[in-house]
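Heads up, the next two complexes both have chain A, just with different partners, chain B and then chain C.
Presenting the complex of A and B:
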């Protein structure tokens, strides 16, 4: 639920003290702003202060296609199509300029990233800016959207056929003989059995428990105050007229 | 430009040689040389700056006045500040480019 609390597994970037300080800062930020639970494939609305806009506030709605980074540097990438123009905006999760993050539709997809939507028809990444938030019943698990996205013809931005993606349909695309041969060479079907590789790329469970135990009580408190505030009436600043 | 041969960049008027948002460039379009302003880029952008699926350009004349009358694609908000910085009282005037934009993102 909180993947950004886990540090980067690469031992070159590990530093216990820095990680601890970052966690304190993240919790401090979370007391100020409600960061909802979301996954790759969820639809988010981000309201942030934009010094370049006339009203100094801007809002962007889009599907989360990628989550990157860990700790204070964690970020997510939103994609939408506005006026037939694909637009992607990267936001940092703990950016102090962000005023509000709303999860309009909470769901998961079959893949760990949805960058292939760049090469898919426009309807798969078009979301209206006035989308109503959908609420799941309390205690329900996060639904998995098992939609399969057909891709456009070549050329593509990445070699999707090599990435073992579950959420795409490659149909009506003919690869050259050379490309097929290279796909066969670069395939690594044994990698999912490589325990050492999995160990190197993830934080061990004992360490995860240690980190989550540290932050859990604080996060729980934040959750309770958030729920209490939801029932309270919010103060709406009266508009200046005349 | 939705149909026809896409314009081709032949020069960028900055000192880096890489065109960034708000830079003036020279393009070959319909057999002519025209100047334009980059208003949307495909390259990876800084946080909170939109990245577009295509490279977008608004054609201008030497004074900075756009040749067309409408911009159909969304324009990033940051371009307002960028173009304001580049506008000088006796040089190019880019305020018209911002004025004809239909939607900011």
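Presenting the complex of A and C:
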């Protein structure tokens, strides 16, 4: 739920004290803004103070196609199509200029990133700016949207056929002989059994527990105050009218 | 006779197998030139290297640890405890004026992360931790000769003194007698890193004075000296940023090579200073004119603007007041250092420069100009 609290697993950049200070700063920011739970594939609305915008405030709605980074540098990429033009905006999660983040539709997709929407028909990444937020019942698990996206013809921005993506349909695209051969060569089907590689690229569970134990009480407090505020907002005392 | 010797040898071998010999390795004192270096297999548990075998029993070890505990009963807490000095203190109290040089600090680079300014701009900042910094020794100008040469010493008008600062406490058992001698007279715990800062004699400090991150103020400009990352022997493309040569169009075997390195004719030689492949990095470099954005007094951390401080993460660097003529101090800094005992008011935990946004502040909003 809070993937950005885990540090970069690369040992070249690890330092326990820096990670701790980073977490303190993240929690300090979280007391000012409610950052909702969201995943790749969720639809978000971000209100952002922008010095050059009319009214100094901008709002952007889009589907989260990627989440990057860890700690204070964690960011997410929103995609939408406005006036037949694909627009992607990268937001920093802890940017103090972000006024509000709303999760309009909370769901997951089959893949860890949805960059392939850039090479898909426009209707798969078009969302109206006045989308009504959908609420899940309390305690329900996050639904997985198993939609399969058909891709446009070549040329593509990336070689999607090599990435073992589950959410795409490649139809009516013919690859050259050379490309097929290279796909075969570059395939690494053994990597998912490489335990050492997985160990190196993730934070071990004991360390995760340590980190989450440290931040849990503060996060829990924030959650409770958030909920209280929400209830306050929903309950409006009926007023007497003459 | 031979059989008897053999049996003895066999016994020794047997003994060797019985001992858990993996835990310590006695490194040789004189390894000749050309002797291959022992490389410990990665899959075996890590060894602790010792200079020579002390043959200490468990009781001996406990006794030594007790003595160490008695001598330095607890790590010196900043500002609270007076260091156990054996020499007379130096009276520092003179007011700051322009042209005085004060000491610097030894810091550990612990990482990089972004901070935001009040105008919404994102800047990356490097975190430097001040680890157990203490003054080890002061050399007055008469005794300090920075350059030793066979020529007669230069007649310098304004001679400066020198302050040796140490960082990161280590166990006194680890160090040699000669190294310990530096700390013995002053009663400072032995330090892993030592560094001398050239100072004016007015800024002299008593050995044992703790130096903390509040030595600087947020917003001040500093210079940082450190060793760059060691990149080993590198080609011309990485070392000097050459363009290399095309990947195709009939180019063979010369994709990352420098090309021509000089003219023929009369000169018939390579000019000195030609950019060529060679060892890259592991050099002392000074990064001048960096601004301090934020200071944490609890953990002794300094946030510095920019992500280009030389060196790897978890390596040491030296910070001192900048010598750039236009960016030097205009107002008085903490002179000779920040002494918590003199200023009664305790500092807040977090100090920020004026333009830095604090994470606990409300969201940045821009107002429309009417």
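One rule holds for everything that comes next: the second predicted complex is superposed on the first by the 232 of 242 C-alpha atoms of A that agree within 3 Å, B and C clash if a C-alpha of one lies under 4 Å from a C-alpha of the other, contacts with A are read in each partner's own complex, and residues count from 1 in each chain.
By our rule, a residue touches a chain if its C-beta (ideal position, glycine included) is under 8 Å from a C-beta of that chain, and two chains touch if they have at least 3 such contacts.
Every value quoted in this text rests on a predicted model; they were computed, and no experiment measured them.
Undergrad: Look at where chain B and chain C land on chain A after superposing the complexes, then choose clash or fit.
TA: These partners fit in the superposed model.
Undergrad: Is A:21 contacted by the first partner chain B, the second partner chain C, both or neither?
TA: After superposition on chain A, A:21 lies in contact with chain C alone.
Undergrad: Which holds for A:68: it touches chain B only (first), chain C only (second), both, or neither?
TA: A:68 contacts neither chain B nor chain C.
Undergrad: For A:97 in the superposed arrangement: first (chain B), second (chain C), both or neither?
TA: Once the two structures are laid over each other on A, A:97 reaches both partners.
Undergrad: For A:126 in the superposed arrangement: first (chain B), second (chain C), both or neither?
TA: neither
Undergrad: What angle, in steps of 10 degrees, lies at chain A between chain B and chain C when each chain is taken as its C-alpha centre?
TA: Value: 90 degrees, nearest 10.
Undergrad: Please determine whether it is chain B or chain C that touches the greater number of chain A residues.
TA: The partner with more contacted residues on chain A is C.
Undergrad: Does the superposition put A:86 against chain B (first), chain C (second), both, or neither?
TA: first
Undergrad: Tell me the contact category for A:118 with respect to chain B and chain C: first, second, both or neither.
TA: It touches chain B, and chain C stays clear.
Undergrad: Quote the smallest CA-to-CA distance from chain B to chain C in the superposed model, rounded to whole Å.
TA: Least C-alpha distance after superposition: 9 Å.
Undergrad: Using the superposition on chain A as set up above, list the residues of chain A that contact both chain B and chain C.
TA: Common to the two interfaces on chain A: residues 50-51, 92, 95, 97.
Undergrad: What residues on chain A touch chain B, complex-wise?
TA: Contacts found on chain A: 48, 50-53, 58, 60, 75, 82-83, 85-92, 95, 97, 118.
Undergrad: Contact residues on chain A for chain C in the complex?
TA: So the residues of chain A in touch with chain C come to 12-15, 17-19, 21-22, 25-26, 28-29, 31-33, 49-51, 55-56, 71-73, 92, 94-99.
Undergrad: Across the complex, what residues on chain B touch chain A?
TA: 40, 45, 47-54, 56, 72-74, 77-81, 102-105
Undergrad: If you look only at chain C, which of its residues touch chain A in the complex?
TA: My answer: residues 110-111, 113-114, 116, 119-120, 122, 127, 129, 296, 299, 301, 312-314, 357-368.
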